[in-house]
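Each of the next two complexes has chain A plus one more chain, namely chain B in the first and chain C in the second.
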Partner chain A sequence: MANAAKESQEPQSHYQGGFHLLQKELMNDYFDQMTRAAEGDGPPAVYLLISGNPVELIRAFDLLPVFPEINALQIAAKHQSLPFIQKAEEVGYSTDNCAYVKADVGLWYQDGQAPMAKVPKPDLLLTNYVGCNVYLHWWEHLAELSHAPIFDIDIPFIRTSDGEPRAEDITYVVRQLEELIPVFEKVSGKKFDPDKLTEVMEYSKETGELWAQIKRMTVNRPSPFDAYFDAVTMMGPLYTLRGTKEGRDFFRDVLKMVEEIKSQGKGPLPEEKFRLVVEGPPPWPYLRIFRDMFARWGAVFVASTYSTVGGLWEFGFSHDPSDPLRSVAMHMLKWNLTNRNFLQRYQQLKSYVDEWGADGLVIHSVKSCRLFSAGQGDMREYFARQVGVPTLLVESDLEDPRYFSKAQMRTRIDAFMESLEHHKLVGLHT
Partner chain B sequence: MATTVSSSQETENLPGIVNGLRNLFEDPDFQAVAEIKRASGKPVVGHFPVYSPVELIYAAGIHPVGVVGAGNQIEIAHADSRFQSFVCSVIKSTLELGFTDRLQIFEGMLFHSICDPARNLASVFKRNFPDQWVEYIHFPQNMVTEGSLDYLESEYRRILARLEDLSGKKVRNDDINEAIGKYNRARQLMRDLYQFRREHPDILTTKELYTLVRAGHILSVEDHIGLLEKAKVLAGKKTPLVRDHIKVILVGSFCEQPPLDLIFSMEEAGLDVLDDDFLLGRRWFTEDVPDDGDGIRNLANSYRDRSVIAAVKHDSRQQKGKELVDRVRRFGADAVIVSVAKFCEPGLFDYALYRKALMEAGIPHLFVEFEEKMWLFDKIQTEIETFVESLLLD
Partner chain C sequence: MRYMAGVDVGSTQTKAVLVDEEGNIVSSTLVDTGSNVVRAAERAFSEAIVLAHLNRDDIEYIIGTGYGRFNVTFGNDQITEISCHAKGITHVNPKVRTVIDIGGQDAKAIHVDETGDVKDFVMNDKCAAGTGRFLGNSAEVLNLELDEIGPRSLEATNPVRLSTVCTVFVESDIMSHLALGRSVENILGGVHRAVAARVVALARRVGIEEVVALTGGVARNVGMVHALEEHLGVKIFVAPNAHFIGALGAALFARERSLALK
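What follows is the complex of A and B.
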């Protein structure tokens, strides 16, 4: 059996490439900053959300951006999420609520003591409501727990047939950002400095352009890195350090490393046998196990929607230092995955399949995140029936380890990969 | 205009009228809507929960119909392959209505920014029913900026233009103000009936009140006003029931609706419901929307500054837990029933806030989960009976 032969070869993936080590260093520095801030030795902390995050404005006031989603996923990746989730369930959260929120609420009840850092309490809760409705609830709950001031930035969803934000939407968001400036002045105790914001925007612009170049490298065969499992490594600095010199330098270094891998004709696996596109967030509690389930088949993810939650730079976005607020507004309104409608996501996935030359689509449906998952059965229907791309839908979760069934996951992935292998052999899909 | 209600002459008492009304909304084939459509010649637009600006639909010469899934009236055969097991029933049953051609009498469907599944549902509708008019309203979630007023006004103007495309009618400001006046009247009557039940829950039952409100999802606003006016008179003539109940406020059922028989079972299990959030969107405003001046601006302004607290509307000026505790004290309720639709994330999140606030205030509460597609109610009924007994014997 093919399966038995593959057992002996796994795992094939290697994780400690140059950019992984570099990322680890940077993220550890960032977590140390959080711990220092929690201990009273650091700038005020602003909580914000990943989707289309306006971190530039926070950096322009030298405030510390804190992303509870990053904290939650770090806890999950370190296999420690369950006790935090259970603590939240003890105080009334449902098994059916987003487990990122529950892990974060559990963390609150543990006085912010996470495995990788002590998380400072918020000095400002900035609700960048970019697509995800749960964000609104999450920040409302954090406001109840912490009594910190809250500022909601309402981002109208893309809902018209041209797929563009309306002029009124842009005006509305820019106006809210203008109202946010004095709030930041108050929290930071610093006067707004337009030159500083321009400088931050310059770094962001370059960082985004570098990231877009890196993301585009995966059209190559073999793909020099995995656009899911390796891309998530780079997403930490993309959010926490965007708008800083360190962040920009990191992406310069990563681009060099990736170019070198490419020039050597190498990729993340010894041999790239299958090119896949993936939709949905990863199962953080079982990330490596999940990766190896594909690696053993020589399957590399060449594109992922998850890596575009924070921004769609690879499709042409770039921050504009000459018009910072409008540019930040456009980032939140248009240039990220989550504020676009479900059918726009189908189109993004289709362009990945076509332009990146994929053999199949994997939909990882996570219970926690209904923004991603609700309706993915329709997405599967569209790709399998209408587009004619082999499509696999598997279910687990991004934070809660109780929803990952290893044996069942593996059986389904193996069956899918066997059928893809068959497709390749008989030339059904290339 | 002849409709099911105004033509029902046989009963002039409230229980009789209520029994005659349930067919209106427990019919997955929308026969009453077809009849109204035939008689009025108007196109029909279905609006998904929670709140929808029905005045705009009406002003455009379109008959608005509240589409809240299919309750326990149909089997889900197709929609559960599109939406996963962890998505609430009302999403799936509404899609199933589409897949089984039951929404063909609707020219359009209008969805709103209430939660992530409802938003994705609007997209899935667009893809699967490309010939249908499908729209989506993004309601503002920043209530403290003046910008949200301008924004919502522009959103309403966009939707109105799309409605005009559908009906071919050019809407004047006067049309909108006329619609506001009528819906104000219906909302005022519903507020009156809610107050009457608060004072006399042993006279006007929750099953009756619910049915009267729900009829407004189907009927024309004129007929709904007629029905509510008649109900108000008849309620005053009813004799009180003798029963040993506790007084409660029920929250959490603002979107997907429990079956009518479950509402009845809950009440029978020992609840005098002083307030609830069933069909909250029909009763969205705390006071009349001004019906002179710029109608669209007034609707937007009322949404922002004069609407009810809701799980699907975020307002940093309010604290939901505190508001609920205040309401319990103001109405003299003994307890709170938090009744949430299974997998309803907004409702489940609010429960965590309510639980904390109620426990801190020493107010007893019971949490129950329901699904619109339920047939058996004994589990919830037993839970409520036990809860009621524990309070009565305390």
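What follows is the complex of A and C.
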């Protein structure tokens, strides 16, 4: 009777705010550049990984940064990942293998023709994050297919208790970056220009600082944007355009828009009833459905760890134009989520819960990435029992639609929100 | 007297419970869910009304729960089965702190407080390992009725060790044990142990606090109760109407909401 109508009347969040449109425009330009490069009209392409990405060095040589992870998630968000994944399975990848890898390998076999762009073949394959050894083999496979040279930057994992990289680790990474410069010179056919790098670093510094300010805005009540679903849309420009004027201008504009929304006392939902923190990447193939499962409860994500895989600017990092290589090395070593140890990850989540004033924590575990998901069971227990924050662990996938079950997901989220609602009601009366 | 209803549409069976305004159960019914989920919800509900000698208009508030809760098209609200099981079980036995619910396609563990509120819960992932379906498939492979497998599992003298908890692969696993000449009882002992191990691992994630209750359709299986008790090392409380606890919880929520409206 009333139920069908009821479901359609449930609040939905604003997906097409100003910054979403702006982001779309910028990313479309970037995808057009990729397509032109694929057609032979563009700079050489350097493939690199998101985690602590050193895009500044690529921009300093006017090379085109290509992030296969972004391509994979774009395909998934456009609901087209499955045929690419199946293609990779046809050539021998297991169903349990990382679905980002499979979508990208499948894309290779479709001649790089993705829904949003034609992806250029690599002129250089840069492994800038070695914390995931599946990623190393991904790049190896791409090297075999494309015959492009591969350059490994070995980034030591942070294993000190205070989270500080050791002096020799920093030197080790800086030396490798120095070795990378002649490689970039060869690929680009350009001589290294320190002034150009300084200019790129200036833009990066400003971009990171703007991004940190934007991220901090979500401590407000209501939060002016969703630090998961909205923040992930800003990650595209943060990685692809960092170190450029366009990138800097985008974040200036976003900050203005967010400040405007804040001054009007608005947020992504008509009413912010719950503030949540989230760990893990989103289920890209079901992004909107997943978002609505929280939106219908008036739940807004005020902080997310996923938006910090590329860098942790909001906790004080900023690129240093006066010491570019050291600062890029610090970004890769210390200032990104995935190179940190688990206790640091706990600490980051805890500060989100405390400082951002969260009602609960949601962990989205990724079925095809055991590396990122390992330890999340303990994490759930630590937060639920020791910190005392209601914590929900759900599982699907970031790329493979076959792992998402709508009814099961909805039941878990509804049950979690029912209990949060009840606790809130009880809390109000005590 | 005013009446309220809870309709629990599960993956395998649909249950309806009617309560009066004092929270007493006046009728409970059970039908197979089948392919027409809306129809199953309606049938369970109308049968409950008939059984209680009531009319449709006597029912003031209806809440749907279970996977098919949005198919209870005549209902006022929907609440998840997690909240409903917690509510229902503490009504029957207020001392329960841990609920293990094994249904047709999922297994869950719920930590409840003394008021019946959910403190924490965990559920199986998108996989029917360790659920009623696993037991159902095992019965089918052995050509036994579902009701038979529990009692016969208790006669196991040397339960087999299954190499899988996968609901699909259990078939070939059972076949291989039969080929090795293992008795049906020992195979069933192994089947029940495998489910218990999987479910207990789930339950330990919310923490085992006594009293532990088993709810859902699988609670009728004595072999399962025994296997869980053995694995947990604690006595398990099984309500006489364990199968209806979700629907009862929904009816009790309906009662609260209906009374709050007056």
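Rule of thumb we're sticking to: the second predicted complex is superposed on the first by the 417 of 430 C-alpha atoms of A that agree within 3 Å, B and C clash if a C-alpha of one lies under 4 Å from a C-alpha of the other, contacts with A are read in each partner's own complex, and residues count from 1 in each chain.
We take it that a residue touches a chain if its C-beta (ideal position, glycine included) is under 8 Å from a C-beta of that chain, and two chains touch if they have at least 3 such contacts.
All figures in this text were calculated on a predicted structure; none of them were measured in a lab.
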Taking the superposition as given, does A:R370 touch the first partner, chain B, the second, chain C, both, or neither?
first
Between chain C and chain B, which one touches more residues of chain A when both complexes sit on the common chain A?
B
Just to be sure I read the superposition right, which of the two partners does A:A407 touch: chain B = first, chain C = second, or both, or neither?
second
For A:R385, is the partner it touches chain B (first), chain C (second), both, or none of the two (neither)?
second
Output check: A:A143 vs chain B and chain C. Expected answer is one of first, second, both, neither. What do you get?
first
Tell me the contact category for A:E395 with respect to chain B and chain C: first, second, both or neither.
both
Of the partners chain B and chain C, which touch A:L425 in the superposed model: first, second, both, neither?
neither
For A:D152, decide between first (touching chain B), second (touching chain C), both and neither.
first
Touching both chain C and chain B, counted on chain A across the two superposed complexes:
367, 377, 381, 395
Please give the residue numbers of chain C that touch chain A in the complex, ascending.
67, 70, 72-76, 78-83, 106, 117-123, 125-126, 205, 207
As the complex stands, chain A meets chain C at residues 1-4, 7, 367, 377, 380-381, 384-385, 390-391, 393, 395-396, 403-405, 407-408, 411-412, 414-416, 418-419, 422-423, 426
Residue numbers of chain A touching chain B in their complex, please.
88, 91-94, 96-98, 101, 105, 129, 132-134, 136-137, 140-141, 143-144, 150-154, 156-157, 159-160, 166, 168-169, 171-172, 175-176, 179, 341-343, 346, 365, 367, 369-371, 373-378, 381-382, 395
Show which residues of chain B lie in contact with chain A when the two form their complex.
80-84, 86-87, 91, 113-117, 119-124, 126-128, 135-138, 140-148, 150-151, 154-155, 158, 314, 316, 319-321, 342-343, 345-346, 348-353, 355-356
